[in-house]
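Let me begin by presenting the structure, written as structure tokens, before commenting on it.
Should a chain be cited, it is by its letter among A, B, C and D, assigned in written order, with residues numbered from 1 in that chain.
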Amino acid sequence: MADIGIGIIGGGYMGKAHSVAMAAVATVFDTPLRPRLEMIAATSAQSAERYRQAYGFKRGTADWRELVADPAVEAVVIASPQATHREIALAAIENGKHVLCEKPLGESLDDSAAMVAAAEKAGVANMVGFNYIRTPASQYARKLIADGVIGDVTWFRGEHSEDFLADPAAPANWRTETEAAGCLGDLAPHMVNGARALLGPIAEVMADRKTVHAQRGGVAVKNDDQAQMLVNFESGVQGHLYFSRTHHGRKMGYIYEVVGTKGALRFNQEDQNALELYLADGPEAERGYRKILTGPAHPDYAPFCQGPGHGTGYNDTIIIEAKDFLTAIHTGEPVWPTFREGHEVNRILAAARASESGRRWVNVSEI
Amino acid sequence: MADIGIGIIGGGYMGKAHSVAMAAVATVFDTPLRPRLEMIAATSAQSAERYRQAYGFKRGTADWRELVADPAVEAVVIASPQATHREIALAAIENGKHVLCEKPLGESLDDSAAMVAAAEKAGVANMVGFNYIRTPASQYARKLIADGVIGDVTWFRGEHSEDFLADPAAPANWRTETEAAGCLGDLAPHMVNGARALLGPIAEVMADRKTVHAQRGGVAVKNDDQAQMLVNFESGVQGHLYFSRTHHGRKMGYIYEVVGTKGALRFNQEDQNALELYLADGPEAERGYRKILTGPAHPDYAPFCQGPGHGTGYNDTIIIEAKDFLTAIHTGEPVWPTFREGHEVNRILAAARASESGRRWVNVSEI
Amino acid sequence: MADIGIGIIGGGYMGKAHSVAMAAVATVFDTPLRPRLEMIAATSAQSAERYRQAYGFKRGTADWRELVADPAVEAVVIASPQATHREIALAAIENGKHVLCEKPLGESLDDSAAMVAAAEKAGVANMVGFNYIRTPASQYARKLIADGVIGDVTWFRGEHSEDFLADPAAPANWRTETEAAGCLGDLAPHMVNGARALLGPIAEVMADRKTVHAQRGGVAVKNDDQAQMLVNFESGVQGHLYFSRTHHGRKMGYIYEVVGTKGALRFNQEDQNALELYLADGPEAERGYRKILTGPAHPDYAPFCQGPGHGTGYNDTIIIEAKDFLTAIHTGEPVWPTFREGHEVNRILAAARASESGRRWVNVSEI
Amino acid sequence: MADIGIGIIGGGYMGKAHSVAMAAVATVFDTPLRPRLEMIAATSAQSAERYRQAYGFKRGTADWRELVADPAVEAVVIASPQATHREIALAAIENGKHVLCEKPLGESLDDSAAMVAAAEKAGVANMVGFNYIRTPASQYARKLIADGVIGDVTWFRGEHSEDFLADPAAPANWRTETEAAGCLGDLAPHMVNGARALLGPIAEVMADRKTVHAQRGGVAVKNDDQAQMLVNFESGVQGHLYFSRTHHGRKMGYIYEVVGTKGALRFNQEDQNALELYLADGPEAERGYRKILTGPAHPDYAPFCQGPGHGTGYNDTIIIEAKDFLTAIHTGEPVWPTFREGHEVNRILAAARASESGRRWVNVSEI
């Protein structure tokens, strides 16, 4: 097994998660490449050194440019703020590095378009960190739908709600400042990606948003706390998407329901090791939603544990992502979701913003 | 305790439910009036006689006009098709009868407006059969919201979905013929009433509908299988309503979630004896949705059973409704929901239809 | 449809429940007999009159002897304390009345043996009020087991726990006085009956009990708060039974799990309209406990409501019981559970007591 | 941060889990020592080489004696069959290595006693792999009980059931051969440890076992499929333990319920990120089991992820265990559960065997 030098930019929440994943992935999976934690970049030399030690990297740097230019770094994980994605990604790609970028892909359509163009031109592996769709349960849900087990899909409901800003007394901070950090910008991408992964492209949207708490600690809130939209998929399926950061009681409410002509399924990330499936077959008196506990029979579970019901967790979704990224690098074949998917998600968000401001249905092809 | 003569029009699904309720209500509750099952009207003498015997009425008739004119009948329950509501109600009111009418109230805004006018002018007790909002759990949910236990409401999601037409092979029938029998006409009223009961008036709607199965057995389906709408309440709260008769796995999906600044609650009629409540107080580590099992501490439960968790069922909601109707008759005070509420619900449905056809937000005040 | 005169002894909790059931049963079901609420007996003339009015009986009496001797009373429901069961039942039977007696059947094995002998000799309809096993879900569970759907049974867990004496500050009362009113005497019978209904006779038991709170308000508690036993059924199946009146959070914890060679099922009375079923067939990846919502496809549900998932409640179980009792009277055929079943349940309780005091396994055949 | 050389014996299910944990632990936690995957031992050179490559060890060996004697190996993880535990552990300890041994600790009381004696005499860090009690939920459950949040405990129910041998057609194998590999020997230890961790020492047991399928594929099964026991804790609390490997539908049924005078809690490893808590305080009408989703407020969660509800998985429990083992090595302070706890668990199993064979209550002090 060959080594591959990994550089991670950002040592916070997601930077740590990617560090853990890179440390563990080759022991969990039979990957062709084994990550070597080469360098971590942070905003100061001090924090870079702290992360280096804590996460086990060889080197730390306060300058991401050094990282993306370093010959020992072969693949870059971008886990820094959205506003930095484009510049970093373009520089990394220019240096021929493979890039895994956190979601959302940049701050704007313009950003993501530029990133797609650069990555595709350079032919490097490129991927967006939509990790939630990678649980064994959600991977299996995709398969059930694709295999027609629930028939032709007739309804979709998707949600990503949390309660980190539900308390009206929570102070204003960077999360309440910019359009990109708002509920639509920050929380929607995972589930928009999920909706597309499960049902395919979205044709049109009719959106509405709300700033639930206009002021926090005397400071004006400049973006949305809640967003929702009616959607119609290209397949003709009707659906609804809802996002919130003020939904008390929801801790990780990445939730979806898919109804078809032969059955239905539903999932809640808060119980990520279960998938509920209803099949309209067999005796009427014995039908009901069954709660399937994931196990080795579900995609990507077995390498974690041979026992069903033993469960994977949050970091394991990042490990799965890392495995797929390494595979893309090794094979030279693109792995879903590439930057292009990140850009498509951004188009839906742009359509939603246009819909809300115009109080009208917006066809995504307009964007 | 005085007797009161009850006449019921219609012996089917709801006619039977009301018969059971009238037979039991005065034994369950300490009502001031005890119903006497005086007369039942059906569409033929034969079925009237069959219902009379089966349900224990004194007399049966094939002519509802006979029933509403009979001096021994003091209160009338209308459990016949929507298209008949207006004519029957007006005749009953003209004869000075108190009227409990099944939902929705008539087939059109025009119908319900006429019924409201007649009932209010005559001063008779008048009520609409929105029974689901009467479970002890939903009554308590209303109280929790009204008492501010979950703070100021910030989000509402309501749904009424079932699967009786989910099978694409289910044949076309009267349910697939008229606008009034469609999903919006037939399934939406209960939850529109519920939304209003829990949060107050709805200001504007943005609706979309779908005929999931355009043909059934070679016959064209003439109404909607699914409907959804973005809503904004007069209070400024944002919400979403969804209705479906093709939602596999949902048997009685009268479901709502209400989020507030201090907590949240949710309910599903399929587990009607439970109410889930989240309170954002106490130690963070001990917070979670609690599943409250209804019992004597919740409105209208105690007369059914002294033991908590023992549970009420579908017919018990009709018994509670009957109790309230008898109280209205006895006291002369209107009891919620009167015909006026039925009319307000119809206005929302009309607004939704206008919204869908215009593909635009419609303010309910336009209707 | 013929009338039948009903006399009920006791107007409290169960007396009221039976009154409601008798008022409603012939409207719900197509019973051959229609109950006429003829007479109610209480411990004083005043309360008898109160119950008479509240429940709608023709007459009240302070003397149950008058009731059991009255020619207009054809069937008697005994809803008075256990200590009175034997004397009342024997007198009623002597007068040729049919008898439905609340559980447990008398205070002792001696009581129940005498009641069985008298009822069988007289040939009157006789039945014990084990209502919980009559939910549509539990009736269907019995059928699934009997039909072999879950294969040969290999494990049983049964429980009846509540929390009405969980608070250590709850005062001593009649419930804390006698052996018969203790946890084993009062709470165990329903689930012992349930275990037998689902799996057949119990061969041997190994029991243990506990008085959790030895004193209440300075008064010594004279019976058990908790009881449990290892059991072996005659079929060879191993199992466990547990009873408690101090189990915080359990409101109506009549719970069972049955495991077989082809699947498993479980039930909790707190969600009485659901039955969970696991079938070890189909693809491994799609197996899981399914939550079946009861509906017209399950025994005795349809007459209550044509819609699945709409739900039955506590009183509906008593209505089903009343229907079966009326059927027994009408047909002259015994209906399960007769007094004999009540006596068999008492034998298990006696075996448990012997087991605990001897700290040894006791074969039920010893009793 | 200093390195520490880790040697793992066994590359199967648990050997891999420990390898993953050792690869990730120092990145997840701020451990004082960073594991260096020094050597892995397997039963052949070929498989040792395969594991070495797959898990990322420096060296592999077919001789565990080489591993325990190697100076670069400072700590040994024993993940080989029970029958080998004693010999390996004694040799490792003799070489001054710290030892983390999988459960159960050896095959017999004799084994575990010898291991305890050796480890305590040598003063090396010693620990047993009871990982399930280390989920954030179960750690918090321990804390809630210890802090008296649910009052004085009055009842305990524990279970460890799975269905890996539920299919009668599953063939006989090593699991059906020996007493140690039976249900009591193999499945009981985790929950016996759990019961002790939550409630303290067990005073006496009354056990029963069953071989559900006497033959598998024509081969006699030589050990138990199911086991259960009544228990009384030294504190006087009554309880029940149940174990099964033939419980259809249970995938990871490590389940417990604890009832106290002020509340109750319950947990199921199949939904390991939730803990259900009932508190008997506040208004009666608002009481119910709350489902707490674990998050940074619960022990050992925060280093995995800053977001509550995001969830930990099976391997994360081993990572927590590794962290504690490293801490014990670093500080020189024993960390629960030491070998002594493993031995105490073995005593309960021995008492259960004596109880079953004697069909009598056995006091653990007899063992």
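The rule is simple: a residue touches a chain if its C-beta (ideal position, glycine included) is under 8 Å from a C-beta of that chain, and two chains touch if they have at least 3 such contacts.
Just so it is clear, the model here is predicted, and its values are computed rather than measured.
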Key: Given chain C and chain D, the chains that contact each of them   = A, B
Inquiry  = Tell me which has more C-beta contacts between its two chains, A-D or B-D.
reply    = A-D
Task = Call it same or different for chain B and chain C: same when shared residue numbers make up over half of all numbers used at their interface.
result = same
Query = What is the size of the turn, to the nearest 5°, that moves the C-alpha atoms of chain A onto the matching ones in chain C?
reply = 180
Farthest chain (mean CA position) relative to chain C = A
Task = Please compute the C-alpha centroid of chain B, do the same for chain D, then give the distance between them in whole Å.
result = 53
Inquiry  = Just the number, please: Cα centre separation of chain A and chain D in whole Å.
reply    = 34
Request  = Can you tell me which residues of chain B touch two or more of the remaining chains?
outcome  = 274, 278, 287-289, 293, 295
Ask   = Which of the residues in chain A end up touching chain C in this complex?
value = 140, 149, 274, 276-279, 283-293, 295, 297-298
Task = Under the touch definition given earlier, write down the residues of chain B that touch chain C in their complex.
result = 1, 13, 16-17, 19-20, 23-24, 26-28, 30, 34, 53-56, 162, 164, 250-253, 269-274, 293, 295, 304-316
Request  = Could you please specify the touching residues of chain B with respect to chain A in the complex?
outcome  = 150, 154-155, 157, 163, 166-168, 206, 208, 210, 212, 225-226, 228-230, 232, 238, 240, 242, 244, 246-249, 259-264, 278, 280, 287-289, 359-361
